[in-house]
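By letter and in written order, the chains are A, B, C and D; residue numbering begins at 1 in each of them.
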Amino acid sequence: MIFLTNLISGLSLGSVYAIIALGYTMVYGISKMLNFAHGDVIMIGGYMSFIMTMYMGLNGWLALLVAMVICTILGITIERLAYRPLRGTGSLAVLITAIGVSYFLQNIALLIWGANPKMFTSLFNGMKPIHAMGGQLTITPESIFTILANIVIMILLTLFVSKTKAGKAMRAVSEDNGAAQLMGINVNQSISLTFAIGSGLAAVAGVLMLSAYPVLMPTTGAMPGIKAFTAAVFGGIGSIPGAMIGGLILGIIEIFSRAYISTELSDAIVFACLIIVLLVKPTGLLGKKISEKV
Amino acid sequence: MKKNWKKAVVVAVSCMMVFMLAACGGGGGSSDAGENVLKMGCTGPLTGPAAIYGNAVKNGGQIAVDEINAANPDGVQVAWQVEDDEADGEKAVNAYNKLMDDGMQVFVGSVTSGACVAVAEKTNADRVFELTPSASQAAVTEGKDNVFQLCFRDPDQGTISADYIVENFPDAKVGVIYNNASDYSAGIYDGFKKEMDAKGVEIVAVEAFADDANTDFQAQLNSMKNAGADFVFLPNYYTPVSNILVQADKMGYAPTFFGCDGVDGILTLEGFDTSLAEGVYLLTPFTASAEDEKTQNFVKAYMDAYGEEPNQFAADAYDCVYACYNAFKETGLETSASAADICEAMVAQFAGGFSYEGLTAANAMKWQATGEVDKMPAVYVIEGGKYVEK
Amino acid sequence: MADKKDKREELIDIDISDSGHAYENRQEIYYNDNVGGRAVFVDSKEQYDPDEPYNDQVYIPEKDRDKAPILEVKGLGIDFGGLTAVDNFNLTLGRTEIGGLIGPNGAGKTTIFNMLTKVYEPTRGEIFFDGKSTKGMNTVDINKAGMARTFQNIRLFDKLTVEENIKVALHHTTNYGLIDGMLHTPKYRHEEFRIRKEAMKYLKIFGMTKTADYRAGSLPYGAQRRLEIMRALATKPKLLLLDEPAAGMNPSETSELMETIKEIRDRFQIGIFLIEHDMSLVMGICEGIVVLNYGRTIAKGSAKDIQSNPKVIEAYLGKSRGKMDEEEKAEDLEEALSKGKLESAPSGKPDRKEGE
Amino acid sequence: MAERILKNIRIGGLKNAVKGNDYRKEATISYGILIGGYILLQILTAAGLIGHNLQGQFVPICVYISLAVSLNLVVGISGELSLGHAGFMAVGAFSGILMSRILLQSMSFEPAILIISMLFGALMASIAGFIIGIPILGLRGDYLAIVTLAFGEIIRNFMNVLYFGFVDGKLRFAFNHTIEGIEDTDRIITGAIGATGTKTMASFTWGLLLCLFTVFIVLNLKNSKQGRAIMSIRDNRIAGESIGLDVRKYKLMAFVVSAALAGMAGCLFGLNYSTLVPIKFNFNTSVLVLVFVVLGGVGNMWGGIIAATLLTILPETFRQFADYRMLTYAIVLILVMIGTYNPAIKSRVNALFSKIKPKKKKDDGKVKKKKSGKEGA
């Protein structure tokens, strides 16, 4: 029975990582850039929906929408101001700028909302957890909705990327930036769109994560950001299904290592698994093998 | 390589500028002998994950300083300067050095243990009197005569909690969830375990969690539930504790929780459903809802100034400032005295039976020569959203 | 600044010819002790009968017939997931032969080079280099055994200087350890001085001593090509593989290159095997030419043999040309080859030189 | 003299050829900055012009300089991104502290203890570097970076469960729980509480020696056959293999040497503070050192030195901005990165510079047109 509870909490934690990892993978896919500030966009999303529900009195779902809109705008502005000037100058410079943006977001949040941690009222406050198997197994609404949201987002995103014109444009730009421009695709628009979607999803992930683990502080986004980034690479950076699978597996490993091996070393075990997978498959689970033509 | 020369020139010029800035910054060392001001300094985390504690100490101290300055306009005034150390040893030493450059005479800090131990060694070397409001690690005062603690030492909290639990819950099956990346939490657990072993009471289950408060506690709570622990000891700060309470409630697991002074402040947590904290025991020297008149004016003053209830860190800072002020007055020194002279005098006071009646202790506080404080914490339980003394 | 340069010129004022002696004794060892795993084709006792019609698979130029071949390839083939890129490729290269490999684009020329140097592992066939089978060797072992190569698109160490590029190739002959490298011990200084002199020697051959301090990446195209050949040469190979050395060179540079290649072969007494589209170069200096079509060897022979070989003509000019007489056919092939039917390098129409 | 074999081959268009890396110039500048800076600061300190705040930072600045230089060995010379440099620093720090406590039991000559501890720290860190090196050999680019990040986190997480201490004179070790019967004063490393009661031995002079040693090793390596091999693999892996370079060996060498140097720096850092908490060596510290390297110019030694100095002092000088300290640091970081790396702004800065700088003679890299007319088209 414990196995089932662990599996469910593993899946729900994994779903959170997966949704965040989607943001990392899409941004990396299109502009070969590791957006370290992505973790903090989650935190901003969390604060936004917290403000909406607590002070503006909107209901949870409306607050989520507002948070998504704000995060989308935030994502686009970050790309426009911080990353566009450095496009094409090699990934190291952009990496450091992303880290600068991450510190910036954390400190802005600290100044605006102060250092006191806030308790996030879960989106599914009213709903009752489902007691199955004679009360032994309790499944919280947060877990169910997180897993569902992850699946829905996955389907919508795959459809968007494969079917719609904008989606194809994004894939074209991620395949070959130069050629895409020649084909008349507005690269800047595609990249902004990617950041927009990535940040919007980050808001969703933020709200879902905080519904399950309600402590909200300016530094809340840091650790999940790193874990999700690991999940994105685990699944093969650049591949959308890879991010999903990578996130889920990472979540399950984390929960199971805590439950069965040792809570002290759970982080170490998660990262050790990542290294083992990369040993076996150097470009992650679904990453495309880049072979150098001699 | 042409372009590198240009970069070198830019970088070298800015390097000179920064040196100047830092060097002159360090110039103003002499304390302005004119006014009658005792300069108190403190370092604490004003940014980063532990920012809540640094700011609480800063505000608490400010309240006390304003009260003192108002109370005796022509007497000894107090200056209060707090520098950010991000709860990190290296930055704390930098912050301390900045305070020394600004002519600090008495050091009321650091806020967190890790930073405080690093700074304590410097204050000992520079012979500056140090009274830390909240750095509760044993190593803070070890082997240093000039460092005193206003708060309990971690192991003591562990021992006192253990004694209390064994005495009042003899048949309880005790489990522990502690933060193995925080020296405060690990320190209390250390003392707790030693005392429980000494008393021969077996701890049913021990689980740890990683540093960030916002993680999944299902695994830890499950292992408590399986071990049949009906009593869980949580030597943690209130952010992870609130998370644990929420997740335990969701799991339908309701043991009695027992926390230490770190749990204080959980009721002021914005958006926290205080009903979840019902029946939680906590060992704390201060609570904002205590009825005594001293606490009430402090709470009122704090509420007016900062719009939120003070937590235990703020109260500690308040007491520290007053304790230093009173002790300084008793030494009869002039405020123009050097930090070292003040230090010798204050050490004599504190080690020589100086006592102070403050917010954070039922009885009058006394200090031992080793720097430890003798004060009895009260055990409270949260009932009806209020702390009820047990 | 200028005089410092000249002093360096004197520094390398040593007789270059001494570099060749290292190779003579190596040949004797091979020839006499008849190392195991000898090639299947050439039995050292049985000499070629010069007037016997050449065997279009195994042809060795006159002067190399008395020496054991440097390279024998038998039935070499590779499939890339079902697609057969090269199939049944046979080759015998004389000890100091300048061999040429020609064929239309996509015939698998570079793939063969990659198989010889084990960048790709061949799926079938045997490669005997200097008498020893190269099964199980990787690229590094192949180079250590004495086979060096250049690349179709230049692969230089762009951020390193020209001199450093050569010094890297001299890596295995500089013997000092990591500790010496880190602490710059006297042993380090001695070795560095020696290889510096040796590097300048190679630069001198190509007349590029002036460019020693420039970054390899910033050199003009022709100089980069030469540097790549020099770097391959610096690993003291017994066989030098050149992948389209004349690509992108104007006619005057090509003729200079031809001279250089012959010069290298004569001075260092090593085998050279090159892929080239520029027919004037191939016909000019190659003693043995292998013609490749769709990954198969059609024929190997001297320039004259190839031009008159019916299979080659047929492969390039199609069947209908069969009935024309010999002279006309040769003329036609010449024109086809030059007009680029074989997609020769875009270097325009080579001025036809009276080749060998 | 053998007359030149080939008539003078016209090497056309050398005018845009760029001079290679001049080892001597880079060495003189690097050593010059270090020694010059040291003397300048010592004089200023003697004259009492430098406050406690800056003085307290001398040792950390030296540590961050040698960390930046050692990271440059991986990022600049070997061309691989390492996000786990703080892990090696941690291994060096804690093993160094442990060794210093053990040595203090039997000897008291501090310089000897310091050197032995630093060597021990370097040894342990190089072992960690070796262990990290092996999985890395098959990886490239961002996958390699993530493995280094993972190792940094594993080392930090691992440090939380190590317990060292003396029980009646004998060294005791425990894993994952406190050592029984140990007094507080005899603890060396206690899990999350970290190392306590370390005897601080570090000084500015030792810091300078550490920096000089690190720069000495890295610059010499950069100009040795091993360094050339590492750099050639960075520029073109396939070409490197084709001339007989064992790629794995030299990638690993770069990592192990860099780890060893970081370990030494970590040890000096550890011995500069009486207490050291494992949380200090988290991902942010690795990133901090990476910022020094990138800002100083990847592969550029003295650039790293200057950047490390500036960026360590900057947050302190921003103290007068009080609450906005970290915010201004973040903004400065972003602006400087965009300033130095954005092509448009950089060209404008260059244009500005060429106006105010007097016309330079020929030797600043541009090749003067040779009168001899031999220069080809």
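In this section, a contact is a pair of C-beta atoms (placed from the backbone, for glycine too) under 8 Å apart; a residue touches a chain by one contact, two chains touch by 3 or more.
The model shown is predicted, which means the values in this text are computed figures rather than measured ones.
Student: If you average all the Cα positions, which chain's own average lands nearest?
Tutor: The most central chain here turns out to be D.
Student: Tell me which chain's centre, taken as the mean of its C-alpha atoms, is farthest from chain A.
Tutor: C
Student: Centroid of chain C to centroid of chain D, CA atoms only: how many Å?
Tutor: 43
Student: Using mean CA coordinates as chain centres, what's the chain A-chain C distance in Å?
Tutor: Going by mean C-alpha positions, chain A sits 53 Å from chain C.
Student: Where the centres are mean C-alpha positions, what is the separation of chain A from chain B, in Å?
Tutor: The computed centroid separation for chain A versus chain B comes out at 35 Å.
Student: Residues of chain A that contact two or more other chains, please.
Tutor: Residues 107, 110, 264, 267, 294.
Student: Where in chain D do residues touch at least two different other chains?
Tutor: 18-19, 21, 157, 160-161, 238, 323, 326, 340, in rising order.
Student: Show the residues in chain C shared as contacts by 2 or more other chains, in ascending order.
Tutor: Those would be 119, 151.
Student: Where on chain C is chain D touching in the complex?
Tutor: 1, 13, 15-17, 117, 119, 139-140, 143-144, 148-149, 151, 155-165, 167-169, 171-172, 174, 176, 178, 180-184, 188, 191-192, 195, 204-208, 210-211, 213-215, 217-220, 222-223, 226, 231-232, 234-235, 256, 259-260, 263
Student: Where on chain D is chain B touching in the complex?
Tutor: Within the complex, chain D contacts chain B at residues 18-19, 21, 29, 44, 49-57, 60, 157, 160-161, 178, 184-185, 190-194, 196-197, 200, 273-280, 296-297, 300, 302-303, 306-307, 309-310, 313-317, 319-320, 322-323, 325-326, 340, 349-350, 353, 364-366.
Student: Can you name the residues of chain B that touch chain A in the complex?
Tutor: Within the complex, chain B contacts chain A at residues 46-49, 51-52, 54-55, 180, 207-210, 212-216, 218-220, 222-223, 226, 239-240, 242-243, 246-247, 250-252, 268-273, 308.
Student: Under the definition above, what is the set of chain A residues touching chain B in their complex?
Tutor: 2, 5-6, 9, 13, 50, 54, 107, 110, 114-121, 129, 131, 135, 138, 140, 142, 209, 212-220, 222-224, 254-255, 258-259, 263-264, 266-267
Student: Within their complex, state which residues of chain A touch chain D.
Tutor: 28, 34, 82, 85-86, 89-93, 95-97, 99-101, 103-104, 106-108, 110-111, 226, 229-230, 233, 237, 262, 264-265, 267-268, 271-272, 274-275, 278-279, 282-284, 287, 292, 294
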